[in-house]
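All remarks here apply to the structure that follows.
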Amino acid sequence: MIVRPRLHWFRMLLVLHGSVLPKIAFQLMLIAAIAAGITLSGGELLGWKVGLTFVPFSLIGIALAIFLGFRNSASYERYWEARKLVGELLNASRSLTRQYLTWVDHPVDARDFVYGIIAFAHALRHQLRGSDPEPQLRVLLGAERTKRLVTARAKPAMLLLHLGEMLGQVGAQGRLHPQLAARMDQTLSDLTAVLGGCERIANTPIPYTYSVIVHRTVYLYCFLLPFGLVGSIGLMTPLIVTFVAYTFLALDALNEELEEPFGTLPNDLPLDHLTLGIEITLREMLGETDLPQPTAPRHYVLT
Amino acid sequence: MIVRPRLHWFRMLLVLHGSVLPKIAFQLMLIAAIAAGITLSGGELLGWKVGLTFVPFSLIGIALAIFLGFRNSASYERYWEARKLVGELLNASRSLTRQYLTWVDHPVDARDFVYGIIAFAHALRHQLRGSDPEPQLRVLLGAERTKRLVTARAKPAMLLLHLGEMLGQVGAQGRLHPQLAARMDQTLSDLTAVLGGCERIANTPIPYTYSVIVHRTVYLYCFLLPFGLVGSIGLMTPLIVTFVAYTFLALDALNEELEEPFGTLPNDLPLDHLTLGIEITLREMLGETDLPQPTAPRHYVLT
Amino acid sequence: MIVRPRLHWFRMLLVLHGSVLPKIAFQLMLIAAIAAGITLSGGELLGWKVGLTFVPFSLIGIALAIFLGFRNSASYERYWEARKLVGELLNASRSLTRQYLTWVDHPVDARDFVYGIIAFAHALRHQLRGSDPEPQLRVLLGAERTKRLVTARAKPAMLLLHLGEMLGQVGAQGRLHPQLAARMDQTLSDLTAVLGGCERIANTPIPYTYSVIVHRTVYLYCFLLPFGLVGSIGLMTPLIVTFVAYTFLALDALNEELEEPFGTLPNDLPLDHLTLGIEITLREMLGETDLPQPTAPRHYVLT
Amino acid sequence: MIVRPRLHWFRMLLVLHGSVLPKIAFQLMLIAAIAAGITLSGGELLGWKVGLTFVPFSLIGIALAIFLGFRNSASYERYWEARKLVGELLNASRSLTRQYLTWVDHPVDARDFVYGIIAFAHALRHQLRGSDPEPQLRVLLGAERTKRLVTARAKPAMLLLHLGEMLGQVGAQGRLHPQLAARMDQTLSDLTAVLGGCERIANTPIPYTYSVIVHRTVYLYCFLLPFGLVGSIGLMTPLIVTFVAYTFLALDALNEELEEPFGTLPNDLPLDHLTLGIEITLREMLGETDLPQPTAPRHYVLT
Amino acid sequence: MIVRPRLHWFRMLLVLHGSVLPKIAFQLMLIAAIAAGITLSGGELLGWKVGLTFVPFSLIGIALAIFLGFRNSASYERYWEARKLVGELLNASRSLTRQYLTWVDHPVDARDFVYGIIAFAHALRHQLRGSDPEPQLRVLLGAERTKRLVTARAKPAMLLLHLGEMLGQVGAQGRLHPQLAARMDQTLSDLTAVLGGCERIANTPIPYTYSVIVHRTVYLYCFLLPFGLVGSIGLMTPLIVTFVAYTFLALDALNEELEEPFGTLPNDLPLDHLTLGIEITLREMLGETDLPQPTAPRHYVLT
């Protein structure tokens, strides 16, 4: 996530920070060069005058608006749904911690349980980003409990089963009324829904064919556009074509980042920051005072 | 589902993979041929000069944008709701398994129950795709339990009743506190909602009249367009008309795949992959180690 | 609901099936005749040259796009919400049946209870369509239980109260644990929400003023359009004006059907089919084998 | 709410019923007069030829479409959410009545409780419309119970507390199992959510700045438009300008009604009708037969 | 929140109240000055005739409509979701208070518990607005209970834990049936969800890159626009350019306020007013009569 700098409106026009320009610079320069060539040749291709006007571009604009508008909405919705799921992870973690601390008789073993919740949050992040959870799990759960998990294919799911087993034992010891056990079971199901929701977004992209159609339409549009403009705006053609191409390609590049919100690109969700935040708040609820510091943005980017 | 290949932006313009071009190639060629004929005749039809300009097409564009934009949103929403339902199937299956393993006393018969959940997931897939569930049910449930099911009209619904009966027996044996039985009953109702939701999407398409109206408008638009363009862009008419037709027909073809998301076309949901994934995670929760491999994409397509 | 025929793209352009053309044929012909008259008079009205161009129509297009796009979305959302409510009716009916069969001790009287649920589904349909439920209720519930219902103003609501009373008696007999009675009470509340949701859609149309505004704008637009086109496209004016009018009026006619989704027009919900489907699946869960056949489409239309 | 008359398409063009024309008649006439003046002067203002064309208006159209489209969607969503809340009020009232009648032992005091629910529905309506609830509360609850309420600032909230206290007493008397008391407590929380939701919509309008921006843009657009059209369409300018202004101002006037859905304007929700409907259905559930008649529309308007 | 004044349509065109004009006055004047300069020079820049027409601007309009339309919807949705969360805070607070007063035996200590809920509402506001909660907490909770909270990092979360502990004690004293304790635990989880939802909106802005792209496109568009218009509308150019710029910049400025809804700008949520409203209604439920007055708008603005 890019931390919003409070910039004067004028400086915001110039800085590169938070911009996707570097990603699309090559394509923009290529399009600008083509437009410049066509302008210099007066709209001729190999000596043949290409008689395009702006009319086709305003007709193609209908389809383009549908494609880009849809893809932008769908990407952002994926991003925001992912953020809601991580928020729900925080909520359910806090609720489960509160429930253990207040409904279980003599919750002397609360630390074991709550560290299991923290481990779930981190394991989920590792699964979504394809990193190795073992070192962190070892710190949180100890070597014994970690051993069983690291051989599991679906580590976060096994951690939830592990938490369920701990609750089952507490219930069997008569330290938790079944009614309140049922409430905690509900919260475990909420965590299961968070896990499944994140897996859904990570495993099912926006249908790839959308990208193919958008991609083709945008580039063909930009490559043909100079022929359509040179007759009426002459030397301004390269500037305007590059401007138009910038609006389409910048949106496309941003959407690419947003539609896979669990990645590590600048506009992706700051999972490191968010899961550490969960760890901090749960450990504070346990009464710990030696809490880690939240991660800080580097170059305005939180990861 | 088409697995997203990480392609260089330039190669993505050319490959056929993930494209709907083969589906609409004939129509595009027909439109291109008609446009070429009209261009060669200078916009005359049977010797009569058809005096169209671009104006009507920009007016019809209003309706076209509404039709295509709506249909695209509605198709994608059906696709994504279907995906959420399958995700909810995963969530409820995991929760129900965890509940059986942690709340039932001495869950030695857990395998029977959990294999019933797995059988439900597969039976749902078979119902949605119209395939025969009997062989797979026989493997999962044994011949005895399968016999009663295969004569049922609504097999997944009968499987849920079967799971409910198992819970009822466990409760009658005093091995499950009624409070936690109620929680598991809730999870069974969640599975019932998944079943009903999938049946709803499968049985109720987007009203057919939308397809008829879109279809007629798009084709009439594309067949008339050359007359409207030939006067201003001359020889470029066939290229531009084909380009415009491509944007409309490609979107139409993609939407046709998405609006019936349980089919087996490339952009449909990978039900084989997803239900096998449910089987794997539930069997891992049971402690089994001899787990099947997830299905892999063939030619970049997961079914 | 119109059952989707799998037609070749070309045949779909021609058939009348699923089309709203018959509904709007008169208006289209009137508009075509007016356009033809204006074309023949060269855009003159009573000898006065009406100097319109296409410009006003592209400005009015802004408002028209908002009106039609909004009305289309709102109509379809009503249709789809209604479909979801009927789906929820299926889900809650199946869950309630499963709950009675598995949680009530010795459910020998299950048939009475489940037939009450079936009667609720049919009574809801009769209320929504304004038909007389008495004959069907008599078959399902017997003369005795029907007598009390037929004098009620809100028959489905009284049926739910009746089901609640049966549960209350079963509970008072000690045949149902209060915890599981609470779950079944939840399912009854779900059915109450279905009833209220259907009544809301049936009783509260899209604000009528939208129809008035859309109606006036569309017709005035279509009647004025020939004056705006005849100067530039001449003899093609009647064809194009009729085409434009078709796109607007066809969408309008379809939306009229969708916004009252419980009616019996071709694009309305197939309530007969859906409630009979609920009856079949519940009776199968009861173990009955003498099940009715699902209703089949007549002329591709399910009612 | 305006009751939809089934009008022939042609008559619908002419009648004033359901129209917002009277509200915007003055503004439309003013705009028409200005447009006529500008047309007569040939587009000159104080002797200076104002050289506008249609181009600026099609550019401003972008912003206008966003403003009007957004405001329309937001207004309708407020209207529809308000309608859903009133529907939820009906659902929760019916459920709570059913629960009292079926789960409480010897519910001889059911009338007191159910009349408390009816009083809540009416008190909510009075709060939303700023009318005095005292006379109606006195009829429903008697002088004693009303006294405590009428001095309360938040009457409906105090009524819900009162219902909760009645349940608490029934529970303390051992006439209601705690499990089923919990279910009824859930339904009371649903009613609390209805109350809060209605208060939210009533107290938080669409941000006022939207109205200011839309207002300014629409009027400036309409006042300038004659200068942009008179050059190309001459004498038709006043007609077209008035038509364009009608589409914008009519939508604006309708949105003003919808965005405050609890008012008493023709397109607002028929709260009188809906709350009386709740009273009727609850009293029928109590077994009363002397039920009031539902309110009927006056001049096609239900209040 | 700006309180809606009931203004005559004409006065609304003129007043500054509720307008964002002051915020964008400098930019508008700059754009007007540039447009005036370009108009006076006849569209020449440093003696070179810049040959732009309106065509590029209508093409860029496609992207601009997507950007502005999307950002506007996303900002408003954040605003409205934030409002719903504060409404849910009211609902859950009322429900929790009702539950304590009606289900706990001899609720003589209700004041302590309910003041804890009030403290939570205020602490949440202070966290969202970055102000110091200590003075207010001290008044509500007393010095003792405040001490533990003020050293906490996540004060509202610790307050919810504190409320949970109070419930746990009441339960351990046998004054609250576990079933109803479970219901109250549910309401505490609802408050946890409100807290997490508000934190999500406050900590995760709309991806910053959107602002950058919108910003650049809008300003470049406005700076180039005079060149595109001066050829056709001459001296009207500065007026029209400023008008177009106003529509874009005003929307942009409003969206900036709405997308951070917890701030203290005029269009932000009136958190002071809303949390005081929660305090008033809860204290009235406790039976207190010495209630504070609701905050009143200052210069039509509620904070």
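Chains: A, B, C, D and E, in written order; residue numbering restarts at 1 for each.
To be clear about the criterion, contacts are C-beta pairs under 8 Å (C-beta built on N, C-alpha and C of every residue); 3 or more make two chains touch, one makes a residue touch a chain.
Here the structure is a predicted model, which means the values were calculated and not measured.
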For the sequence-identical pair chain C and chain D, what is the superposition rotation angle on Cα atoms, to the nearest 5 degrees? 70
Using mean CA coordinates as chain centres, what's the gap between chain D and chain E in Å? 24
Distance between chain B and chain E based on Cα centroids, please, to the nearest Å. 38
Two-or-more-chain contact residues of chain C, please, as numbers and ranges. 58, 64-65, 69, 179, 182
Complete ring sequence of chains beginning with chain B, oriented so that chain C follows: B, C, D, E, A
Which residues of chain B touch chain C once you look at their complex with the stated criterion? 27, 50-53, 55-56, 58-60, 62-67, 69-70, 74, 152-154, 157-158, 160-161, 164-165, 167-168, 171, 178-179, 181-182, 185-186, 188-189, 192-193, 195-197, 199-200, 204-205, 207-213, 215-217, 219-220, 224, 227
Considering the complex alone, what residue numbers of chain C touch chain B? 1-4, 9, 12-13, 18-20, 54, 57-58, 61, 64-65, 68-69, 72-73, 76, 79, 83-84, 87-88, 90-91, 94-95, 97-99, 101-103, 177, 179-180, 182-183, 187, 225, 229, 232-236, 240, 243-244, 246-248, 250-251, 254, 257-258, 266-267, 269, 280-281, 284-285, 291
